[in-house]
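What follows is a pair of complexes built around subunit A, which joins subunit B in one and subunit C in the other.
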Partner chain A sequence: MALLEVRELTKRFALSRRKSWLEREAVTAVNRLSFDLEEGRTLGVVGESGCGKTTLGKLLLRLVEPDSGGVRFLGADWLALRGGDLRSRRRDMQMVFQDPQASLNPRMRVGEAITEPLVIHEGLGAAGRARAAGALMERVGLPGSALRRYPHEFSGGQRQRLGIARAVSTRPRLLVADEPVSSLDVSIQAQILNLLKDLQRQDGMGMIFIAHDLRVVEFMSDQVAVMYLGRFVEQAPSRALYTSPRHPYTRALLSAIPPAPGEEPREAEGPEGEPPSPSAPPAGCPFHPRCPLKEPRCESQAPEWREVEPEHRVACHLA
Partner chain B sequence: MLLRYALKRALFSVPLLLGITLISFLVLHLAPGSPVSARGSLNPHISPESIRELRALYGLDKPLSTQYWDWLKRCAGFNFGDSFQDRQSVLSHILQALPATLLLNGVALLLVFGLGLPLGIFSAIRSGSPLDRAFTLSSFLAFSIPAFVLALFLQLVFGAWLGWFPISGFSSPWSMGQGWLAQAGDVLWHLVLPVWTTAFGAWVTVAQYMRNSTLEVLSQDYIRTAFAKGLGARRITLRHALPNALLPIITLLGLSVPGLVGGSFIIETIFAWPGMGRLGYEAAMNYDYPLVMGVVVMGAVLTVFGNLLADICYAVVDPRVRY
Partner chain C sequence: METLLSLENLHVSFHTPQGDPEAVRGVSLELRAGETLGLVGESGCGKSLTALSLLGLLPPGATQTQDRLRFLDREWDRPTPEDWRSLRGREISIVFQEPFTSLNPVMRVGEQVAEVFRLHQGMARQAAWAASVEMLKKVGIPEAASRARQYPHQFSGGMRQRTLIAIALACKPRLLIADEPTTALDVTVQAQILKLLKRLKREMGLTLMLISHDLGLVAQMADRLAVMYAGEIVEMGDLQAVLGDPKHPYTRGLLACLPRLGAQGRLASLEGQVPEISYLPYGCAFHPRCAHAFKLCRRRDPELKEVEGRRVACHLYGSGE
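And now, the complex of A and B:
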């Protein structure tokens, strides 16, 4: 049984602009997404900004409610949970956000902030809280003596460690990490990524790792999904996706990765042009206006989401 | 550490206060008319000698710079001079007027913040609801009514037509010699309309301010984090949103300190309230220079003090403030 099963998940946002007097323009941020995640595994989600990857994370966390589709988590209907039931089950799915500074209440001492989930979910008292806080700080590599400090007294990397400490405090089964390192210096990024990996191995958590940096995603993920205008266009085991990408968009993204030191220098290409407005997505294959391999049918016929090799799915007529 | 910060800030406000008194002094003395003309112009038979004598009596014949310097020297010893009108000391005038103003504005301030803050928070939490919209619209209407219009309106409706409340004054003649309970009740009865006028515009301002501050905080990432932690709406509001949303309110509180003691010229004059505002107004009408300066200095000191107090409060409650 999969840890997480997502089926046809869809979210539209209404814009204030109107199409007509009666109808508002809408953006389909997440468009009929389906995927599974096994216990203890990591699914990386990559895509350009605005492709809907953050909305996907929020939908899974139920910070935003989907318009349609289903999510099963730990074998139960996750979307059916309401009110207090949902709040008490949130302990099983926690998150790490992009901006660790803004994600911490500036007037709360960090010891309180990282143990607050334990207070509400396990009813910890003051003594238990202090003990748990010390242990958590140690788990994420921060000095226990810093518990009574405020968030602004920490560096960016330390703050993200605090965010991670808070997220793993309840021993969740699934961690949703939305761009957890993109606001950090490169030198700090590796430490945070390793920390996430260590904690995942220790607790056997599943992870949804959302990022725009392909190298980071490759390092973190077992499976990688490439997102474009609210859909997955390719999903494959990490190695397969990076060595033999099938979708032209994936290939374009991969060609844009700067070569690592020691690698052959090459022309960085990347996908041409800008992604089209998600409020007016192109007909047929959403990628066709930017696709170098475009054929007539791409303009009218949306490609199917099909398995081309075991575990390797693509939405492209030509793959 | 905090004490040093407070002392440093207090020290910096001394030149500011000096500047305020200097400008007030100049404006006051350069304005057309003088205490002598106020007393002499009604008398067609006044002789030039008498005018000269009057000027010498008030010390107005000396150069302006000397007059200011003399005034400043006296102030340093907390002697603000005597009123031109009755030769009573300025300080005793102020001390007589202060309790009435403190009472009026203290009650108004309690109402303003006691009603304004909860309304603002409620409005923010229910933002976009019909109730919130109605409140926002009506607060703009309320805010645009000037105090003197409202005062006259209340006097007309509740004083003259309905006869529920006295139109003006601090107490009724009949309450003299009654028990203290009856006297206190009588003062409270007189308080209703002036307090209403004083609080009306301000509590709408405070509520809107609190509404915006709460909305701002509710959109912060750490509120989203709190939801994702699994906290309930009540805990999020009380533990995460409010402590942060209340921070900017400190400024408003600091700014209301001078009003609390300084009183309002307009409202106190309309309601014949024997407080600081009316004292200042009457002093100005009579060219009573020492008394006007006393009221001005009082207001300036309190304004600076209120700001200082707000800054110190920030330093105490907001861990991010460095000092």
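And now, the complex of A and C:
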């Protein structure tokens, strides 16, 4: 049984602009997404800004409620949970945010901040809390002596370690990490990626790893999904996606990565143009205005999301 | 090759009540006409301050000193505000990282480019507007004539960055400094901007100084590379030499940290973090993070020395003792 099953998940946001006096304009941020995640595995989600990847993470955590679709998590209907039931199950699904500065309370000592979930979920007392805090700090590679400090006394990388400590404190089954390293320097980024992998291996957590950096996503993920204007356009085992991409958008994204020193030199190309506004997505295949291979049917018919090889799904007429 | 600009022994310090810590500590560099120099390093290593020092644009509270700044046949040890004005825009221009905050939100885009022509070249309003549209066309803004009448919020991030490049190049400078020009942009737009910079460099015979934390990006653009750490250049030389066979442990560490496509397991990582400028370690600033550090490294800051066709500041390559 899969850890997480997502079916036809959809979220529209109304804009203040109106189409007519009856109807507001809307952005479909997440458009009928379906996927599974197995225990202990990582699904990477990549895409350009505005593609809906952050909304997807928020929907899974129910920080934003979907308009339609279903989510099963740990075998139960995750969207049916309400109030206290939802709160008590939240311990099983936790999130790591992009900006560790903004996600830690500046007036709370870090020892308290990282053990707050344990107080909420397990009613931990003061003594237990201190013990847990020390253990958590060690797990994320911070000195136990820093427990009584405040967030501003830590560097960006250390703050991200604190954010991770808090997220894994309840031993969640699923961790949603939204751009956890995009504000960090390369040397620190490597430390945090290694830490996330280590913690995942120790606890056997599943992970949704959302990022715009294709190299980082490949390094972290078993499966990678490419998102464009609210939809998945391709999903495959990491190796297959990077070595034999089927969707023209995936190919274009991959060609835009500058080759790292030591890799075969080539010109970074990338797709032409920029993504259209999600409030007025093109008809047919959403990628057709930028697609070098488009055919007449791409302009009118939306391609189906279909499996072209085991575990390799694409939404493209030509794949 | 002709030397366009040379800078000797630049120091930048910040005035604070606790003393005047130095953020740039003795940087010397040389730009040859027509080349692209990549300046890389992590945040806080002093690369942006070095760039701003070439334009006399340091933020308030920061002071720069240098033994000498040379631009073609002119030379200063302490440039005056007039000296800087004669360089800025006409000879040296800069493009910053933030395409979202560098443009005036209540001024038409075309007017912001035209302003440069009016102020620097004394053009009349209409001529300046025409030149502005021409410039926007050159940086690849589609339908430039009508786009010029729009405001920055109607432009995407990539188009705004193109506009900033148009502004920077309006006076046909010899040197363009691009400080993290694509950091705020998507990887797809980044590729477009890099292509544009390459084309403009060729068409206008520019010399380019590209500042970035992204080694992959710099590797694609640069002829020579300078790696900075804690306010100093620790390794500098031809791109192939430095990246193909890095000598400084920091350069090696940076390269090893990059996730490679197809790689598995753990990333090699540099432990620790960049020191704060007010608490620099004694000796070599990198030694607390360096796996090869020995006694001398804790005592004395190494100087840049010629090692196998590039310059390296590291005691591993002979201390001269």
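Here is the rule we go by: the second predicted complex is superposed on the first by the 319 of 319 C-alpha atoms of A that agree within 3 Å, B and C clash if a C-alpha of one lies under 4 Å from a C-alpha of the other, contacts with A are read in each partner's own complex, and residues count from 1 in each chain.
The rule is simple: a residue touches a chain if its C-beta (ideal position, glycine included) is under 8 Å from a C-beta of that chain, and two chains touch if they have at least 3 such contacts.
The shown structure was predicted, so the numbers you read here are calculated from the model rather than taken from an experiment.
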Subunit A as common anchor, with subunit B and subunit C clashing or fitting: fit
Touching partner for A:Phe219 - first (subunit B), second (subunit C), both, neither: second
Which superposed partner A:Gln191 touches (first subunit B, second subunit C, both, neither): second
Touching partner for A:Arg297 - first (subunit B), second (subunit C), both, neither: neither
Which of subunit B and subunit C A:Arg7 touches, first, second, both or neither: neither
Touch count on subunit A, higher of subunit B and subunit C: C
Angle at the Cα centre of subunit A, taken between the Cα centres of subunit B and subunit C once the superposition is applied, in steps of 10 degrees: 70
Touching partner for A:Leu63 - first (subunit B), second (subunit C), both, neither: first
Partner chain(s) touched by A:Arg251 [first = subunit B, second = subunit C, both, neither]: neither
CA minimum distance (subunit B, subunit C), superposed complexes, angstrom: 11
Contacting residues of subunit C [partner subunit A, same complex]: 42-43, 156, 158, 186-192, 194-195, 213-217, 219-220, 243-244, 253-255, 257-263, 266-271, 273-274
Complex contacts: residues of subunit A adjacent to subunit C: 48-49, 155, 157-158, 185-191, 193-194, 197, 212-216, 218-219, 239, 242-243, 252-253, 255-263, 265, 267-272, 274
Subunit B-touching residues of subunit A, taken from the complex the two chains share: 61, 63, 84, 86-91, 94-95, 97, 99, 102-108, 116-117, 120-121, 150, 152, 163, 166
Touching residues (chain side subunit B, partner subunit A) in the complex: 220-222, 224-232, 235, 239-240, 243-244, 317-320
